[in-house]
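Let me give you the structure first, and then I'll get to my questions.
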Amino acid sequence: MLTAQNISYSAGKKQLLDNLSLTFEPGKINLIIGPNGAGKSTLIKVLSGMLKPSTGSIFYGINEMSVAALAKFRAVLSQNTDLAFPLTVKEIVMMGRYPHFKSNPSLADAQICDEVMRFFDVTDFAERNFLTLSGGEKQRVHFARVAAQIWQQNSKVLSYLFLDEPLAFLDIFYQIDFMNKLLALTQQKNIVVIGVVHDLNIAGKYADKLVLINNGKVLADGDKQTVLTSENIFSAYHLKPEIQSINGDVRLYY
Amino acid sequence: MYKVNQLTTIFLAIALLVTILVSARYGAVNISTIEMISALEKFFSNNSMLLLNERIFLDIRLPRALLCVFVGASLAVGGVLIQGLFRNPIVEPGLIGTSSGAAMGAALYFVLGAMFKFNTGEWTLPIAACAGAIISTVLVFVLSQSKTVGRSNIVTLLLTGIAINALFMSGVGFLSYIARDPQARSITFWGMGTLSGANWHSVIIVGISTSLCLVLSLRFAKQLNILMMGEDEAIFLGISINQLKWQILTVEIVMIAIATAFVGVISFVGLIVPHLLRMINGSDNHLLIRNSAFAGAIFLCLADLIARMIVRPAELPIGIVTSVVGVPVFIFLLRKKNYLF
Amino acid sequence: MVYRFGILINYPNMKQYFSMVTIVFCLAACGRLGNKSDAQNRTERIVCIAKQYTEIIFALGAEKNIVAIDISSTYPPSAKKLPTVGYHRALGVEGILAAKPTLIIHDNNIGPEHVVKQLEHLNIPMKVFQNKGGNIDSTMLLIREMGNYFNKNNQAELLCKKLENDMSVAIEKSEQYKEEIKVLAIHFGQASNVFLVMTQKSTAAKMIHWAGGKMAVEDAKGMRQLSAEVVAASDPDVILLTDFGYDRLGTPEKIKELPGVAGTKAAKNNKIFRVEEHDLVYLGPRTGENVLMLQKLIHQ
């Protein structure tokens, strides 16, 4: 469980987050949506610990932690991670295990990497130069890496996965592929998943809980049907799409 | 994954041994293997009846070869550290001001030492060089910081490096000019480097500094790997960036400064060697640091051999040889598409 | 099999390649065993790194064991046939060692410093003569000292006699010249690669004085860097250039392009002359003749 209470954040004169209080449960896909400039990126940075909020606090179950200790069960996936030098896919996935060993990876670490690579279907790429992969393949490898970082042997340990617009540079095939893998991951592992997405249809299909942010404030917070309503959409995006509920998914037609 | 790559390290270690022997053998005077062996025998049995060639081997060739080894290793590993820190293959200690600052510090020591004749300990020269290197490197670092992002843009870094290098090398030039004693080191020495002054004293000092810094460098390997993905990712993976930056810079400055104090500015080794090794064994910094130490030593030994043989009995400054090899590599890296700016 | 940059690398092949290269290296390192050893060769091999000494040694007839000299030792012409070890202020240890010296003769004017240290460390015998030869008396003492050292005492005496006679003739001749000619002597410094002017403190100044001239530049040191101000202030009647510098420029026109030279009386009257360095910058057996030569030259 991750609880955020009365979070505010300002940069200079601009108030980016205004008194937000949210709760996120494990085993669910929690997604944050909202228009550009709403404060989604800032929110996820604050939740992941990258930024310190001006007021309010965040509870991860454990409070004050060193950066190194936190890295053992909290991972963040960005929209685009560039790599300065060529490395193999296998080396990159292994980097996810770095918080867990001092100088050399253990057998357990190697096994976890193999498991993770199978899970994310990148075993065929293992020895390939990362820089030669396509955008979608690269993001999959990074997903494998962050998953390896928080892959716990003991299922009682709770991990936290933050996704900051991970689909931004992916084509539709890789977007769906990503979300399906995220779904599988959430179901199989004990993780609190919090992600920022742009596409409302993706949100409408995959989210167990949605948080709609606008102007630094929570506009709506709840399940798909509660959040994706005409009033909310219009209020945030100034659009009037047709909204349908099909098989538990919410679909928007623009 | 790691097992196969041990092969390269073993090969490099053997090649280094061989290179040292070749380097000690050839020169304006060729020393035969028999003479080298007997010289070593006599040295260990404290026999001071040495033939001229044996003396040449023990007092001139061997320290020179060993100095090449330590300086070459320092320069190459310094290159790996800086490239990892700035996440770019086109930087090396010489380009970010470290070498020129060290040269300035050392030149100041020589000129002031001659003027004021103060009694200096063994370590005053290296310390002066380190002081100079710290000033110049920090200057480059600070002046090239982007206000918005808070980290150095690579082009700005290189340009600032050029400016600071020019500043400090003109300082060296000025000091060479005003040095009353014609025996004070010349600008050629500082600008292009030479190993002709090698003696056991310098070998010991540079050897100690290099060995210590190499051991420390290996500890940074894992963190440098993570840093390859960017500072944000590094934070997510548990690295404290600022601490790492200053630790790496300190090690790099000390290692390069002490080497530069004794041999002058030698450019491009830190650029060429890591690049070649990445092509063979990838960018994992564990391997890279280890192999660069060996490969850098081999490279400088060979460059010194060329410098000594090509205009025999005169000697080329070694920087000329490393530049002739290094500039094409530099330009090649500039134009390469795979690497990111 | 591994992909690196899309190139397939087959490790077994790499191994073979590496071992081949290693073997080649090892062979190169070992080389042929049984080099000819120097221990059997007992004759004296002398390297002389001082032009004044070189001239005197040849004049004494003691040049038999000289195997190499420095690049500034240009007199007598037969000396130029010997291999050189480089410029005396920019020596390389190996260059000297290549001559396999059993003795190095120098005048304490060699550099760089670390080369001197290395030579000392190698226990190679070095000889510096006591007398410096900065004036005629000292020069004669030097000739006698060297004559004694090389067992050429008789020849040394002959040389001193000749020098004495030549000098008296020269001094006598100089009486006939009424005016003192102002001379600017330009020299090219091969260590620093710049043009220098000789000052009143230099040995050349003495020769000029005996020749009935006056060195036009004053300074604390024997040489200073050529600059337009120095040339203008000196206002010379005659300009002399030593051989290397003169040949480097080639023609009087080129010489007039040096800073400040074009405006001098010497340039306007085309009184720019070439002088061999070995005739001007040090004293030796031929100084008397050289003074006479200089007299004629500058009083043209």
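Per-chain residue numbering starts at 1, and chain names A, B and C are given in the order in which the chains are listed.
Definition applied: a contact is a pair of C-beta atoms (placed from the backbone, for glycine too) under 8 Å apart; a residue touches a chain by one contact, two chains touch by 3 or more.
Just so it is clear, the model here is predicted, and its values are computed rather than measured.
Enquirer: Which chain is in the middle, if each chain's centre is the mean of its C-alpha atoms?
Expert: B
Enquirer: Decide which interface, B-C or A-B, involves more C-beta pairs in contact, and give its chain pair.
Expert: Looking at contacts between chains, B-C has the larger number.
Enquirer: I'd like to verify one number: the distance from the centre of subunit A to the centre of subunit C, where each centre is the average of its C-alpha atoms, in whole angstrom.
Expert: The computed centroid separation for subunit A versus subunit C comes out at 78 Å.
Enquirer: CA centre of subunit A versus CA centre of subunit B: separation in Å?
Expert: The separation of the two C-alpha centroids amounts to 44 Å.
Enquirer: Just how far, in Å, is the C-alpha centre of subunit C from the one of subunit B?
Expert: Comparing mean C-alpha positions, subunit C is 36 Å from subunit B.
Enquirer: Residues of subunit C touching 2+ other chains?
Expert: 2, 4-5
Enquirer: Could you check subunit B for residues that touch two or more other chains and list them?
Expert: Only 282, 338 qualify.
Enquirer: Hunt down the residues of subunit A that sit against at least two other chains at once, touch-wise.
Expert: Those would be 86.
Enquirer: Under the definition above, what is the set of subunit B residues touching subunit A in their complex?
Expert: Listed in rising order, the residues are 1-2, 83, 87-89, 219, 221-222, 225-226, 228-230, 232-233, 235-240, 278, 282-284, 338-340.
Enquirer: Would you mind writing out the residues of subunit C in touch with subunit B in their complex?
Expert: 2, 4-5, 11, 14-15, 18, 21-22, 25-26, 28-35, 38-39, 85-86, 89, 92-98, 100, 111-115, 117-118, 121-124, 191
Enquirer: How about subunit A: which of its residues touch subunit B in the complex?
Expert: Those residues of subunit A that touch subunit B are 48, 50, 67-72, 74-76, 78, 81-88, 90-92, 95-96, 98-99, 103-104, 131, 149.
Enquirer: Sort out for me which residues of subunit B touch subunit C in the complex.
Expert: Touch list, subunit B to subunit C: 4, 7, 11, 14-15, 18-19, 21-22, 25, 27-30, 32-35, 51-53, 55-56, 59-60, 182-183, 185-186, 196-197, 199, 279-280, 282, 308, 312-315, 338.
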